[in-house]
Structures are given as structure tokens and as C-alpha cells.
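First chain A sits with chain B, and in the next complex the same chain sits with chain C.
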Partner chain A sequence: MSLSQPDLWQQQMRAAQRGEAEPYRALLTALRPWLSAYFRRRLQSPDTEDLIQITLVAVHEKRHTYDPTAPFMPWIAAVARHKLIDHVRKYGRYVHVELNEMNEPVDEASLGLPATIARRDIQVLLSQLPVDQARVIRLHKVEELSLEDVSRLTGKSVAAVKVIVHRGLKKLRDSVGVPRKVYEDE
Partner chain B sequence: MVKPPRDLIERLTEDLRPVKPLSAWRLLGLALVFAAVTLIWVLGIYGMRPELSDIEAALTQTRFALFKPLLWGWAGLSALHAANALSRPEGRCHWSDLAPLPLILISQATGLWWAVAHGGWTAALKGGFGGATLCGLTIIVSACVAMRLITPLWLNRTASSQPRLLRLTAALGFATLAAAAYALHCPMDQPYYTLSVYLPAVGMVLLIEGWQGR
Partner chain C sequence: MSNKNTPDLIETLSQSVNPVAPLGRRGLWLWVGLSLLAGITYVLTAYGARPEMRLLFSEGRVADNLSAYAKTTFFIGLAALAVWQVQATARPEGRLTRVQTGLLGLGLIALLTLTGIDMAVSGLSSALTGLSDGAPGCFLTILVGGMVGLGVGWAVWLRQAAPGNPALFGALSAFAASALMTVAYTLHCDHDAPAYLLLIYLAPNLVAALIGSLIGRALFRW
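This part shows the complex of A and B:
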């Protein structure tokens, strides 16, 4: 029986921790296009090659922090996300995370990764907000409910919902280090 | 200049060596060594509080004498559990791991309020502040020394997405374990003493380590 891609990568990472070079080479080679897609989707810049290489070096240096009993995808997604945030903080680039990526159907051909990884990114981002604020943003931006519907569900006025969404998104942008002028210009 | 990706992958895979996955046991082992050394220090130099010398009497008559070190020990192990969870890139700690400290604060503040309400401030502060300096210094010095030692042995091997929180939870763990060890010697069980001596000492450790990890 053939392994799914995440399972195969998990096995290759375990082998890498044991010092087996061949599976590790295969893993890093397979990660390149995955990282490329991950960064291109989030960074409005074609210049992602440096970021991919920095992430591959981080994978190598921190490979002992992967828990061999845990799934591999959350680990690699977290490493990539940290490198992306470092990059954004350093160069003040704009990060693009589609909040409605969560609703994309899982696509077997693309390993279902964009949707699951985006879901995790969004969970991580929203967890930085107060529960009420995160709920309002999730209802309006992820579940695409109208302001009126969110207002009805949460018992807040439409104006209050608008303010909560605006402030929440601003806070999220600040949390990933996007300079104020970048999003205020939009 | 950054080398082309193929070269990078070749460089990363040549002479690949096995690595030991980061383990919770390592942190737990360090915590046990720390607890043992602190216990030897506290019990060997300061001595055990008299009620605890007779364990049967402690279990039946002065349960708080045992409850206090157990409470601090629980806070310490919970904080180290949180530190372990935070040590990996995807790791996040659960709020319940950090709950013991606020619980201690709330319970002691409630106890102080009750004591003041029933007997006034004079009665509530009756025990005085004997041993406060020793208590504070024991917690601060031992926890800060432990943090200096675990930095190369464990902290530098982690890859947390929240390194400052990781450092603070580890510092909280060691400071509260030191408090647990000191509580085996300390006969001061009044809430005001915990609030004005133990908790500020733990807070001082967090301030120092927060400043170190900035």
C-alpha cells in the first residue's frame, strides 16, 4: 500500500533523525515545491527563493525538535510560518492569508495542504485575539456571514461588529509585523 | 551569496548525523536534579519545619504544612509541562498549565481578606516577616542559577514560536519548585506571608528572566 504524502514525509523525517541521508535528501527535495507554493500564496512577491533556502536550513538545524510520534505537517508548517514572519518583520513585506481558504475543499491532487495549512495558520492567528473578537472575525470573514447575520448571532450592533472586525484585522496585521503604512496605504 | 537549492540540499545531506529528538524526559530529569539539590540545600542547611519531622502528626494535625509544598510543587510541574509543550515550533501551552499560580494568588488573597475581615490587620499580620529575606533569596538565587544551567542543556536546543513565553514558563517552573523545597522548612503558613514573600520572589525571577530573554 502506498503512503500518502504527509505519511511519507513523516517517515522520511524519522529516518533523517536516525541519520539516513537518502530519505532526508528526498524529503528536502520534495519540500522545495511545497514551500515555494506556501510562500508564494502568502507573500505578494515572486522573490521567495531565499526564504525557501532559509527554511530548509532551519529544518536541518532544528530537525531534533520534530517529535517522531507526531504528524509532520503541523511541524513543517510552523517552521515555514516562523520564517515567513521573520522575513516580513525584516523587510516589511505584505503577508496574504486568505481567510476563506479554510472553506476550500480538500484537493487530493494538491495533498489537501493549502486548505489544512491555511486552517492552521488562521487558528494560530485568531488565537491571539480575545475570544469574542476572534468569533466575530471567524463568522464574518471565514464563514462569510453578512454583518447583519453576525450582529444577530452575537447580539452586537452592526456598527459594533464592523468596529470589532476592523480592529481585529488590524491587530492581526500588527502581530505578524506588517508596518502600519503598508496596510494603511491599501 | 545564497547557493542554488540543489547545492544546498547536497550540503545539508552530506555527513548527516543522527540527532536525538527533543525529549520531555530531559527537562523532567533536569527538574528532578534541581529539586534534589534544592532540597538538600534547604533541609541540610535550614532544616525541616518541626511539624514535618513527625509525618504522622503532619498528616493528621497540620495538613497545611504538607499542602503548601505540594501546592508549589504542582505549580512547578505544571509550568514545566507548559515549557515542554512550547519547546517545539508548533507547540502551544494549555491555559490550565499556568493556572496554579493565579489560583495560589486568588486563594491567598481570599484568605487574607477573610483574616482581616474577622480579626483586623493586626491579627492578620500576627506572624511577622521572619525568614522573609532567606525565603526570597533561596527562591531567586536557586531559580536563576537553574535557568543559567538549563539554557545550554535544554533551552538552546528548543525551537519555540514563543521563545520569551518558553523562557518565562521554565523560570516559573524552577522558581515554584524552589518555593516548594523552601516550604518544607518554612513554618509561615499565613496568606499575607505567601502574598508578600513567596509570590514577589517568584515574580522577581520572572522579571529577571523576562529581561534576560528580551
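This part shows the complex of A and C:
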């Protein structure tokens, strides 16, 4: 069963901006399982219900920032992502970011998020790295090329590619606030 | 917060929903207008207009020497670009486009190239002429004016935003505020050397952006 109904949610959000309580209640109620799935895919901790509540409050407080002429899903995904990053920075929880995930079309069967949004999450993360490092990670982790293929494409040795990937992923984890101790223990 | 409270929370939120005006551009333009008006009024009152401009306007020959407006036009373009970027990043899903980033890069490259050419043609000492002539005052006027403008922007429109990246939004907002003050200041200052524009005009905008990025996380937290 589909977790998201983008068109219906867009109409309900527009109604919420007009101050209509009933469609707004329906929207928030429908968002709860969607947010739960969104956070559970990314956060391996028991904090998802807290995050859902925090996100619902953010939706309420910042509902005027939704552009009623634009699709609803990118907006709610951005709000959820913002709250997730905030939460991770604050509590240093482990965020589960599957780099391969972006290649798989994420459709109605999962969260209703277009693959472009998942891709953007990865792009935002990779943009924090030096160009060379981001390219190596993209080739190996996103495009799933073997270490040898990446080595051939970039002109670096296999050992160097391994080191670049390892250091790059470490940086990415640092950038989303995962304490050094957590991933060193893995 | 706990699991059993979520339905209660939803009920509370839906009961307290009021009509809201979607975030529009009116407040943004109000900020731009107020900043320019206040900046221009201050600069012209405190320092006076640039001599060529004063002459051209007093003699009714406004279009006779267009080079007198070149610097102002360049910084109007830069300020407009910065305001456009602020608008683009004000919503959670907002982001900078390649065109916006490219244009900003192009502006910086143009100024750096002009500075390089000027230094190559005129020599270093000549290109840097005027840097000691009241330059710190110019720098500070633009920087402080930009910070005041950022405060005005916060009160008028910026605080309504919910940027996905508060630090970036803070940097862009401070840069835009400072760029608007720079536009106002160009109406007074008659130093047109590219090195001067780079170090006394553009540098305070970049310092403002740095300050904006540092305070942005707190200022635009949501």
C-alpha cells in the first residue's frame, strides 16, 4: 500500500494554509507513517517518534514556507531532512545513508519520493568533499564500479582509491555529526 | 515527546491552525527598497554625491558620461544576484542553481581579471593608488551598513524563512545586505581602480558573508 499521496497532500496543505482544520488534521495524520518510514530508513535509534513530533511541529510553524504552486513532496522531504540533520548534530546518532540507494528508483511503493530527491541528498553530502574525492566515491559507491575500474578511470592506484573512499566516507560521517567513536567501533 | 502523545499533538496543531500568507516576495522587495533608500540617504547626506555625478545631474547632462555609472551598475548587478540567491534558498527545499552560482563566479572573475590587467598595465603601485586615501572608512561604512541592513532584513522578511542550510542563507543574506550598501556607497566614491573595487568594495561584502555564515546557524535556526 502506498504511504504517500502527493496530490491529495498538496490540496490538504493548501487548505491548511487557508486555516482549514479538518484537511490539516488529515494531512498530519497521514504524514505520521510516512515520516516514520522516512526516519526509520535513515536513523537506527529509538528516537523516530520524537523526530516525527518535532517535524510535525516544524510543518506547523513553517507551513507558510510551502509554495502552494509547487509539488508538496520535495517540501516535506526537505523539512524532514532538516530535522533529521539537526537531531543527528544534537545527539550524535548514527545516520544510515546508503549511497547505493540513490540508484534505485524510489517510488510509491516506498516513500513516494522521486529518485531525484534521494539523489540530491547524496549530492549535498558529496559536495562537501573535494572534487577528486567526491568523484571517486561517486564512481565506486554510487555507480558501483569496482576498485579496479575506478583506478583505471581516475589514474590512481587501487590502494589509493581504497584510501580515498575510506577517508571520504569518514568525512561524510563527520559532516552529519556522527561522533568519531561511533564509527571507529564499527 | 513520546509515542502516545503524537495523536494529541496532531489534534492540538490542527485545532490551532490559522490562515497564513505563503512566503512571498513583497517583504523581500520591501527590505531591498528600505536598504537602498536608507543607504543612499545616509551616503549622500554624510559624504555627498560623487563629483562627476553631481556635475552631470546639476547641468542636466545625465547621459553624457556613462562611465560614471559603470561601478554602480556592476554592484547593482551583484546585489540583484545576491537578492535572487537569498530568495532561492529561503525555503526548506530551496537551493542555488548553476546559473546563480555561475553568474556570481563570473562577476568575481571579471573583477579579478580587471584588477590583474590594471596591475599589469599600470604597475602595482599605480593600481593600488587610493587605497590609503580614506579606504578604511569606505570599508567600514560598507561592512557596518551591511550588518545594519541584515538586521533590517531580519525584521522585515528574513526571519520568516526556513532555509535548508541556515549558514549558507546567513552568508547570502549578509552578502546581499552588504552589496546593497555598496550600491549606495558607489554614488559617493570616485575611486574606480579595479584593485580598489576588489579590496574596498567587494572585500567587506565577503567579510559580511563570513559573519553572516557564522551567525546564520543561530539566526535562521528553525
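By our rule, the second predicted complex is superposed on the first by the 170 of 186 C-alpha atoms of A that agree within 3 Å, B and C clash if a C-alpha of one lies under 4 Å from a C-alpha of the other, contacts with A are read in each partner's own complex, and residues count from 1 in each chain.
Note that in this section a residue touches a chain if its C-beta (ideal position, glycine included) is under 8 Å from a C-beta of that chain, and two chains touch if they have at least 3 such contacts.
The model shown is predicted, which means the values in this text are computed figures rather than measured ones.
Participant: Just from the overlay, do chain B and chain C fit on chain A, or is there a clash?
Facilitator: By the criteria stated at the top, chain C and chain B clash after superposition.
Participant: So, does A:28 touch the first partner chain B, the second partner chain C, both, or neither?
Facilitator: Both chain B and chain C are touched by A:28.
Participant: Looking at A:56 after the superposition, I want to know if it touches chain B, chain C, both of them or none. Which is it: first, second, both, neither?
Facilitator: A:56 contacts both chain B and chain C.
Participant: When the two structures are overlaid on chain A, which partner does A:20 contact: first (chain B), second (chain C), both, or neither?
Facilitator: A:20 contacts both chain B and chain C.
Participant: Give one of first, second, both or neither to describe whether A:166 is in contact with chain B, with chain C, with both, or with none.
Facilitator: After superposition on chain A, A:166 lies in contact with neither partner.
Participant: Is A:64 touching anything from chain B or chain C once the two structures are fitted on A? First, second, both or neither.
Facilitator: Once the two structures are laid over each other on A, A:64 reaches both partners.
Participant: Do any residues of chain A touch both chain B and chain C, and if so, which are they?
Facilitator: 16-21, 24-25, 28-29, 32, 49-50, 52-53, 56-58, 60, 62-68, 74-75, 77-79, 81-82
Participant: Going by the contact rule set out above, which residues of chain A touch chain C in the complex?
Facilitator: Touching chain C from chain A are residues 16-22, 24-25, 28-29, 32, 49-50, 52-54, 56-58, 60-68, 70, 74-75, 77-79, 81-82, 120.
Participant: In their complex, what parts of chain B are in touch with chain A?
Facilitator: Of all residues in chain B, those touching chain A are 2-3, 5, 8-10, 12-14, 16-22, 87-90, 92, 157-159, 161.
Participant: Which of the residues in chain C end up touching chain A in this complex?
Facilitator: 1-3, 5-7, 9-11, 13-23, 90-93, 95, 160-162, 164, 222
Participant: Show which residues of chain A lie in contact with chain B when the two form their complex.
Facilitator: Per the stated touch rule, the residues are 16-21, 24-25, 28-29, 32, 49-50, 52-53, 56-58, 60, 62-68, 74-75, 77-79, 81-82, 127.
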